[in-house]
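Below: the structure, in structure tokens.
Chain naming follows the written order as A, B, C and D, and within any one chain the residues start at number 1.
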Amino acid sequence: MGIRVGIAGVSGYAGVELLRLLHRHPAVRITALSAGRGAGRALSDLWPGWTGAALPPVGRLDVDHLAEHCDVVFLALPHGVSQTVVPALLERGVDVVDLGADHRLTDPEAYAAAYGAPHTCPELLSLATYGLPEQNRDVLAGARLVACPGCYPTATAIAALPLVEEGLADLVFSDCLSGISGAGRKAGPRNLYAEVQESVTAYGLAGAHRHTPEMEQALGVPVVFSPHLVPMVRGMLATVKVRLRRPVSGEELRDLYRERYARHPAVVVRDEVPATRDVRGTAAAHVFPLVDIRREVATVVSAIDNLGKGAAGQAVHAFNLSRGLPETAGLPLVPLLP
Amino acid sequence: MGIRVGIAGVSGYAGVELLRLLHRHPAVRITALSAGRGAGRALSDLWPGWTGAALPPVGRLDVDHLAEHCDVVFLALPHGVSQTVVPALLERGVDVVDLGADHRLTDPEAYAAAYGAPHTCPELLSLATYGLPEQNRDVLAGARLVACPGCYPTATAIAALPLVEEGLADLVFSDCLSGISGAGRKAGPRNLYAEVQESVTAYGLAGAHRHTPEMEQALGVPVVFSPHLVPMVRGMLATVKVRLRRPVSGEELRDLYRERYARHPAVVVRDEVPATRDVRGTAAAHVFPLVDIRREVATVVSAIDNLGKGAAGQAVHAFNLSRGLPETAGLPLVPLLP
Amino acid sequence: MGIRVGIAGVSGYAGVELLRLLHRHPAVRITALSAGRGAGRALSDLWPGWTGAALPPVGRLDVDHLAEHCDVVFLALPHGVSQTVVPALLERGVDVVDLGADHRLTDPEAYAAAYGAPHTCPELLSLATYGLPEQNRDVLAGARLVACPGCYPTATAIAALPLVEEGLADLVFSDCLSGISGAGRKAGPRNLYAEVQESVTAYGLAGAHRHTPEMEQALGVPVVFSPHLVPMVRGMLATVKVRLRRPVSGEELRDLYRERYARHPAVVVRDEVPATRDVRGTAAAHVFPLVDIRREVATVVSAIDNLGKGAAGQAVHAFNLSRGLPETAGLPLVPLLP
Amino acid sequence: MGIRVGIAGVSGYAGVELLRLLHRHPAVRITALSAGRGAGRALSDLWPGWTGAALPPVGRLDVDHLAEHCDVVFLALPHGVSQTVVPALLERGVDVVDLGADHRLTDPEAYAAAYGAPHTCPELLSLATYGLPEQNRDVLAGARLVACPGCYPTATAIAALPLVEEGLADLVFSDCLSGISGAGRKAGPRNLYAEVQESVTAYGLAGAHRHTPEMEQALGVPVVFSPHLVPMVRGMLATVKVRLRRPVSGEELRDLYRERYARHPAVVVRDEVPATRDVRGTAAAHVFPLVDIRREVATVVSAIDNLGKGAAGQAVHAFNLSRGLPETAGLPLVPLLP
């Protein structure tokens, strides 16, 4: 039959991508759907492209209903909402894969500082497992609460982890370019077509973006993070620069990355700069490291799909690991081209 | 195990979409790949997003090689090329699914008029089966040479067939909007980014487009076809208008479409105008008919993915029917959103 | 010196385009600005690109203020608002160029049917002059209230007028493609980036769009109007099809258009299909007529900038005529390329 | 009347933008046009949007013709071409504003290293004046050969100059995002619509881009330059990061920028991050500096139009200065919105 899975937040972009991935996952049956907006409406009202699909109706977020019908629930909810339902779900025996930000930071004070209010259930922060497979594959086995990484921290970590682990970096510059779907489906000037098409900008600079502490927690060094919005729907590119603490050749660096990611099926070390189109619709990250000998700087570029490896795809990956399923079961690893 | 399948023309947009679909098709094994440009290069040189996939090397178009390794070959080749290899493939026992235009028109003179040169093997024209499942499902069973419809004829036929079959139309106006991937991967002013972004235009008006005779053959009535290029990569919308030969209510028209497509899994009759995003990456067509009582006109909108239902997706659909496989085996029917 | 001009609605897309055009108009001084949203804020808050410009502050819509400071006021307001201020402005001696829909239809009943409520000042409907220079150049001289045409009616009329005036058409099919800026700056699913990028759709079909009666009033024949939204910010293309009431050659049709528009500086009759990029940022329309002899159909394509010839540019054009200024004073007629 | 001006390279993107700006420049008359592709064709064949404009015919690049008809020639030519005509033009008394790269580097060896071949006329390198008005306003007066800065060096210099001049930086990280028009009008995979839409990538990393030595020459410190291509036609954003050599407050930094650019009409110091839309079609740069106290880093964002301030607009600006015209004569400083 398959693991009974629910998706909370199916009206959002990460939610509908989860739906696409879990709908074709060989070990899964989708048994519950909920949405804030749109509860009580047909799925086809929220997403006309799904007209005709045989799926459960879309209800409100209801712990009882989820506990009755699901073994695992994927939460794709706004900041602050998942912490209100996770304790009850866990208690009722339901495992949780949380795509939101509520359980990523382990330090309650860091959480409060970044999100502007104390966590309502701080003991969850130490219980959650950070769902970056390339960092935590082993500890994800059996995890009951997975905190899926943010999209920017994922792209930055994949690019910077080998440098940092090797002691080559004491400060990481990460400039990231994100598609507009990262801003969510709620209308505002930042995601209005005529305001973002044919324009780029930056935001959340100088440590102001909430993903900065998450990156620094994952990497253990300070990060100068500069996020940019570019006129595309999906995709994220991170260009990481590090002033090398000791000289390294391009060859050495490439070998370092090849070894580091050799047994990680969702990371491809490339011989040239990747583009986000190479990973569109996938749970993969493509990464390319190179050295500027003269300026003693390493530059590493990683490309992900912000809704794939940066959200739903990585969530399914972590779910597979938490359940002991084959690591790539149901995982999309080849792109939609062009 | 599985049917051994080759793809000729994998460097193009329809070719790489075939690769994506056949790679995950449960009844298929990909055993040969060829490309004009790029023969002898690794697949990852042509499509870096496919780096690391376990697939055969990319060779030149070679009938002997294909005959040795394949039961079926999908041809995604420029106009005029497939007619040079199809006879030998069929003779060697290899079935052919041709995505190109070479075998769509049944009349050799119509072919010569549209494509500017006589067909080199005109007897194939009567042998080929036009691969529109909604028109030819039964005759596709066992077909050895499938001529897949063009993207514009597909979108137009899905919208207009019920009207025409019912005798309601003696002239069809079809205005179609196409994504730029339809222009192919060869660089030219029509597909240069800075020339097409933030601009729309029309072309091939007044019967000049080669898809016009194909539409008229499929529908059996004259078609005034106006194709437009719009700044998006994938997707096609057809807006068909018909001056009704007798009064019809909106209800009647909707029922007509519902019945006509009731048992066709790749067509969804909608209650509102579809958008091409609803079918992105799929082999489905969404269609919505409505009546303007006062002006005695029916307007029908259909949406397809020009590379899906308009090319590779429909090719896989026709392949399934030709082989007696489950009709929707390996067929993508839910979209990539957003 | 110069004519003292106010702009009401400067926070919207048509408003800011008016600002750009009037700011460099040689016969004009901008003396008042108002905005619904954003009243009391600096212009640079509404439009950061205007930071540093020496312009009046942005206030609320205030008839007294406008009457004191302006000879002419351009209104770029939502439906229904301008009829509440026009009577007082005219009475106070201020001329009005209205870019909105309130005074386009001459028949109060047609107005009420299209806009869902009776006009509050129906006597204005007969007083207003429809601001299509190619139709009403002479009557615009001295006009105190100009009702600027809608974007779709402008594009359709430029393409269809010669055919209709020549008695060649008894039914006009107009399929139009519009950039998203036409939907305005208020956020909603129709103008959210991730909902409209890489997708096209149609809407307001079968006579449901409010511009249909306006087109039929301007042309005097029934119009089957099919508007489409395409993923670009600015630009509009109309593809008009007409079943010819008598045979016409392509040559004849081209001559007809050349003569009709010979002395109209904002219309260029082209020898090939125009693209909207050809008129980006301009007050011009490019038009191309051709005949399908076999199907006895004429197809005419016109391209405008929906915010230029379709709104602010044409408003300035009509203003010039109403004031007896040189017809092309301050009128942008060459495009921003690429 | 007016200075007689020629444009060489009018078939390219910078060339046609020059045409737009010089066509409306009050002190200029356009007296010669040339194009590599398209010589002998009408301007309207190259740019249909210019159909009907009264301009000289488009000829080949011909020094005699230019010398006879022009006081000044603007060169918008591929690398290596302008050095073949500049000596003769200067000798014949024609001043030159060169938008290309041939005369930007002052050191012949640096030129040869960056462009792969020795300069054919190295004495020009010391004769040319680097046309960055914010650095060289005074020395531009009377300049006979202006070497207009590259787009990336312009964006980077505007952002970094105050920091560097103040001794705050010993290494500059510059991540730039460029619209695709920067890749020129020659077709290739880098500017094909379906290859760049919905995708971003980086290129020319680790010092490989030819603009790196130009930046380092302008700033006098090493630069780690990371250029990115984003799916838009026009626009460029530079995000410059500098590890501060001594602590600086945000207030101090803002004041530093305000003072530095107080009397430079083409630079606007903003209170928030600019977007490229704010400067679309203009010769202006918008810049925003801020400090990350905790990480001791300054981040400065500048936005330009790569074809405006980054090419044709800045060329006209430098031309004005070289001729003693009012600095902003004919200079577009307000954007096309939206």
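Quick note on the criterion: contacts are C-beta pairs under 8 Å (C-beta built on N, C-alpha and C of every residue); 3 or more make two chains touch, one makes a residue touch a chain.
For clarity, every value in this text was computed on a predicted model and none was experimentally measured.
The chain pair with the larger count of C-beta pairs in contact, out of C-D and A-D, is A-D. Centroid to centroid, with C-alpha atoms defining each point, chain A and chain C lie 45 Å apart. Computed centre separation for the pair chain A/chain D is 38 angstrom, with centres defined by C-alpha atoms. Rounded to whole angstrom units, the spacing between the C-alpha centres of chain C and chain D is 35. The set of chain A residues that touch two or more partner chains comprises 13, 179, 181, 185, 194-195, 197-198, 231-234, 274-275, 277, 280, 338. Contacts between chains leave no pair untouched here, as each chain touches all the others. Those residues of chain B that touch chain C in the shared complex are 171, 173, 175, 177, 179, 194-195, 197-203, 205-207, 222, 224, 226, 228, 230-235, 237, 239, 241, 243, 273-277, 280, 290-292, 294-295, 297, 299, 301, 303, 338.
Contacts from chain D toward chain C in the complex involve residues 13, 16-17, 20, 23, 47-53, 181, 185, 197-198, 233-234, 268, 270, 272, 274-275, 277-282, 286, 334-338.
Chain A meets chain C in the complex at residues 13, 179-181, 185, 187-189, 191-198, 231-233.
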